[in-house]
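These notes open a run of structures that come right after.
There are two complexes below, and they share subunit A, which is joined by subunit B in the first and by subunit C in the second.
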Partner chain A sequence: MRRRLTPYLFLLPFFIPFLVFYVASILYAVYLSLFVQHGLRPPIYVGIQNYLRVLSDANFGSSLLTILKFGVIQIPLMLLIALLLALYLDGLKSAGWRAFLSGSYFLPYAMPSVIGGLLWGYLYSKGISPFDQVLSGLGLKLNFLGSRGLLWSLGNIITWTWTGYNMVILYAALRSVPAEVYEAARIDGATSGQVVRYIKLPMVAPALLLAALFSVIGTLQIFAEPFVLQSLTYVPTDLTPNLYIYVTAFNYGNFNYAAALAVSLSVITFIFSLAMLWLQSWQRRRW
Partner chain B sequence: MKIPLPARLLAVPTLLLASAALAQTPAFPAYSGPPVTLTFWSWVPGIDKTVAAFEKVYPKIHIKWSNVGSGSAEYTKLLTALKAGTGAPDVAQVEYDFLPDFINYGGLVNLTKYGMSKYKSLFVPWTWGQVSPQGSAVYAIPQDTGPFALNYRADIFKKYGLAVPKTWAQFAADAAKLKRESGGKIYFSDFFSTYAPWVMGLAWADGGRFWTHSGHTWTQSLNNAAAKRVMSFWGKLVKAGEVATLPDFTSELNSALAKGQVALLVQAAWGPGSLASTLGSVSAGDWRAAPLPQWTAGGHFASGNWGGSSDVVTIQSKHKQAAAIFALWINAAPTAVALNWQNGGLFPADRAGLSLPALHDPHQNPSKFFGGQNIAQIYAQASRGVPVNFVWAPWFLYANNSFNRYAAAAVSGKMGWAASLDAWQNDVLSYAKGQGYQVKGN
Partner chain C sequence: MRRFPSALASLVALLVAVYFLIPLIWLVMSTAKSTGQLFSDFGLWFSWPLHWNLSWAGMVAFEHGVVGRWFLNAVLYSGVVALLSTLISAMAGYAFSHFQFPLKGLLNLLVLGSVLIPFTALVLPIFLILHALGLLNTYLAVILPSLVSPLGVYLMALFWEQSFPMDLRDAAYMDGAGEWTVFARIGLPLVRNGLVTVALFSFVGTWNNFFLPLVVLSKGSLYPITLGLAVWNSTVQAGSSVNYPAILMGALVSVLPLILAFFWLQRYWQAGLTVGAIK
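The block that comes next holds the complex of A and B.
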């Protein structure tokens, strides 16, 4: 009996915080989402009424659409850069350089996203930014934080932060390829281009899909960067789903509806993740 | 000027208080309870000096002041604390436009229980209408007002031979002239596209009404004729490149002002104070104030109002009587009103305060920054021109946010300027209905 309990006891330090801070808060959000409360008056149980409202909420819909368009461009671009960097690092002879460069690429990820957002925010601001001064010297007038430039500027911040992180995942996958495989290829007369095409890329494909999965989840959750940019420019409150949920809860004081939005976003994220995982198993069967 | 007071007038103190000419100290309530500490949220610059003066008069009430952010930043925290049931301050600064949201939320104390209704006559009439929207319960003490006037750079006006506009037609002519003469280097003015209350204030001056209600039935008209006239007017100037669209309270605007790239701002009465403290010595003495232009020359003078705040007592306060006394004193005692003006540039909601010598002292800021001009007089005239009845809906927090989206669409050319108001009206209307309000569009 004692022996059977021991492993579970070891799991407790993980499970207690997991239950209290993770599972319980999700359950509480689900519970909240079933009520409507006007101000501080007693809450009224309304069943799924809040969810019906989510379905017809134009703001929530437009935030999802914006983030979808954003992800379609930003995720492939970021993963491509990360892949090229990983391949470059993997091909480097000097172990010292490899360590130094991989550390440098990873550095932006180590910076809190609020700090990163502020830093870029100032680099984008008219009249303060050194970029702006150089560009306007060349006769170019770019408004990085204007309504047309905002998403691109945001994409740049996200790419800057996360490329290094994804590069590390891909790089680790590349390093795990046994040396014998390359040796065999070389003996068979493969060029380095062929090694990349027929060995390295298929080997990192699962890692690439994993990185894509993380990126999709991360993109659906974007919050800190646009939130920080609000102090510098007009950021639409429905730019990203999380920003809209935050505004609904804390600016309008509508916590119940915000909970319904948050639960809906989790379900959407879950569906996307499942689709990605299904893609991964399908791809494994193919290769 | 000291006037000997007839004894029979002394018997009716309210009559005395009604007379703005007499800077008579009203009888503030005494505090006889045990020593208490109150928390106070406010973003008024230098309010700590007014707080210190209060503590001298009421040694048993200690105040812990903190600036938790201005406007929306504070409201977010206040709303969350009210919802959480703990963490809200005893007293908090809330702008008039956002009061109905908090009243409706159920977070504010009705101050009539603490004897505050008898101080009604101390304040500029329309401000009392704002803190007591139903006419009976009183939910705040008026702090300051923001009637509109022009703040302009006299040096730029002189250099380019511009006349201070008395009508909006002249305003537009000046804007075109400045663009021509300066080769487009200087914007005549700035359109604050991220401040709905600024646009609404200008429409307010023109008789625009955004909400009316009888009982629980509301009528909303965010796209009223006056508002459309204001948007179309500014839209034309923005499209012509004569007026900038730099958002207020950003480093972008401050940097343009410091470089002399904007000649004029349509500013509320609290604007000169913040202009003086933001720009410091840059362009000091070059600024002047002038009355708001009118749509038709020679008619009844009208102005609108942007912002202005009140101090509320939250339901979480454990010392409501002391909190009410504090909110009253810092906004109505002559010492407090003078300090608020000098340190925070607050244009008083207190009637007697309007004639305090401190407001008209040319050697003190903000007047000093305006070349010693008696700007308080310009703003006092503006204050008298503000139409009295103006109602804000309890869903203004939403309306305010939503405005930015449509104004941004107008500025970027995606939507017509007047049409953006129609879109705003529809968006806010469907939100209010979704919140369960009985509201119809007009």
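The block that comes next holds the complex of A and C.
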């Protein structure tokens, strides 16, 4: 009897906060999203009305579209750079050089996203930015934080933060290839290009897809970087879904509608995750 | 024949490394400048004389040393969360890896599914429930939600599986050791690598979390340093006579513990990221 209870007792300290902050909080948000409240009057139950409003909300739609356009360019680019870096590190013989490089590439991941956003914000600011100093010395005028440059600048911050993280995952996948496989390929007379194409790339494919999955989820959640850039330039409040949710809740005080937006974003994120996982199982069956 | 491309590749690899280091290099150089030099001198070199002492003094003087308080708050949040979250993840991971019980499949699925839920997506629901519980603007508002780490449980379960053989556990039972003794005295030392890895990720994750404290704290005296700096930076941008080097010194101080943890515990980083990703 005692032994039968033991695993539950070990699980309890985790599951109590888990149930409160992961399960109950989501259920409570769903519950609140079914009401509207005007001023100090008591909340009124409105069913799915908030969700119908989400569907026709131009700002929410535009934030999703913006972040989608952003991800379509930024994620493949970042993963390509991460893959090239991982392949390069994997081919290196000097362990010291490899440690220095991989350490430098990975360091931004350990930095707080706010501080990353803050530092790049300064590196983009007129007068302070060394890049701006060089470019204006050459007679070029680029406004990194203008309406046309903003998304590219944000893309640079996200790429700077996450490339090293993805590189580490891909590099580990490359390392998991047994040495005998390369040995056999070498004996068969495979060129290094063929080794990359027919051994290394198929071996990292699952890790690459996993990295893509986490990138998509992360992209849908971007918040801190555009939030800190607000202090340096004009950032549209519907630039990213989470920025819009934050503004709806804390600038306009509309918590019921913000809850509906947050639940909708979670559902969208979940659908993306399922699609990527389905893609992964499909790919496993192919290789 | 292969010499030239490999030298070129090394050069490109080095330039890429410089790109990743530039914000930190710039930060170290800029904290040594005066506000005037920040605008007049080239950004990616030192301006003499070095003024680190002045930017430090400016940071310490801001609102009677509130930056020091923010720093200690961050140490408190991250330290407590790392300690407790690692312990509860180790306990849950132990239950999943070393016991069979009726609800195991369901609970395991619940935890694994939650690994895919980004914490950011939970911040508003967490705010709403903390509001309902009357916990906003307390240390607990940051600590309690951060204790939950599905990824930590998953990692710990893997570490338990690898490092604590069932035979060893059964032998301990034979010797008459109780469940807690087996877990704490015999098991925990064997999964030390896992504990360090999970504690590292949970410390850094809490230190770097911005959205949660931003939403659940409005009292400046409770801010962790990242939030404090962001607020300081935004109020200063709106006003005049900005002491940029002082803010930047704050930014440098806020990343120092992370840089130390980074170099000191480098191998655990890789372990934490790849154990989960490759399996």
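Here is the rule we use: the second predicted complex is superposed on the first by the 287 of 287 C-alpha atoms of A that agree within 3 Å, B and C clash if a C-alpha of one lies under 4 Å from a C-alpha of the other, contacts with A are read in each partner's own complex, and residues count from 1 in each chain.
Throughout what follows, a contact is a pair of C-beta atoms (placed from the backbone, for glycine too) under 8 Å apart; a residue touches a chain by one contact, two chains touch by 3 or more.
Everything numeric here is computed off the predicted structure, so don't read it as measured data.
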(Q) In the overlaid three-chain picture, which partner chain does A:A262 touch, first (subunit B) or second (subunit C), both, or neither? (A) second
Q) Can A:S273 be said to touch subunit B (first), subunit C (second), both, or neither? A) second
Q: State whether A:L174 touches subunit B only (first), subunit C only (second), both chains, or neither.
A: neither
Q) Of subunit B and subunit C, which one touches more residues of subunit A? A) C
Q.
For A:L154 in the superposed arrangement: first (subunit B), second (subunit C), both or neither?
A. neither
Q.
For A:L34 in the superposed arrangement: first (subunit B), second (subunit C), both or neither?
A. neither
Q. Where does A:V228 make contact in the superposed view: on subunit B (first), on subunit C (second), on both, or on neither?
A. second
Q: Look at A:G127 in the shared chain and tell me whether it touches subunit B only, subunit C only, both, or neither; answer first, second, both or neither.
A: both
Q) First (subunit B), second (subunit C), both or neither: which does A:V216 touch? A) neither
Q.
For A:L239, using the defined touch cut-off, is the partner it touches subunit B, subunit C, both, or neither? Pick first, second, both or neither.
A. neither
Q | Shared contact residues on subunit A - subunit B and subunit C | A | 127-128, 232, 250, 255
**Q.** Parts of subunit B lying in touch with subunit A, wherever the complex brings them together
**A.** 72, 75-76, 79-80, 82-83, 101, 104-107, 193-194, 247, 250-252, 255-256, 259, 315, 397-398, 401, 404-405, 408-409, 411-412, 414, 434-436
Q: Could you please specify the touching residues of subunit C with respect to subunit A in the complex?
A: 9-10, 13-14, 16-24, 26-27, 30, 38-39, 42-44, 87-89, 91-92, 94-95, 99, 101, 104, 107, 111, 114, 116-118, 120-122, 124-129, 132, 144-145, 147-148, 150, 153, 179, 183, 204, 207-208, 210-211, 214-215, 226-227, 229-230, 233-234, 237-238, 244, 248, 251, 254-255, 258-259, 261-263, 266, 269-270, 273-274, 277-278
Q: Could you pull out which subunit A residues touch subunit B in their complex?
A: 36, 38-41, 53, 125-128, 146-148, 232-234, 236-238, 247, 250-255
Q: Would you pull the subunit A residues touching subunit C in the complex into a rising list?
A: 3-4, 6-8, 10-11, 13-15, 17-18, 20-22, 24-26, 28-29, 32, 81, 85, 88, 97, 100-101, 103-108, 110-116, 118-120, 122-123, 127-130, 133, 160, 163-165, 168-169, 172-173, 176, 207, 210-211, 217-218, 220-221, 223-224, 227-228, 230-232, 242, 245-246, 249-250, 255, 258-259, 262, 265-266, 269-270, 273
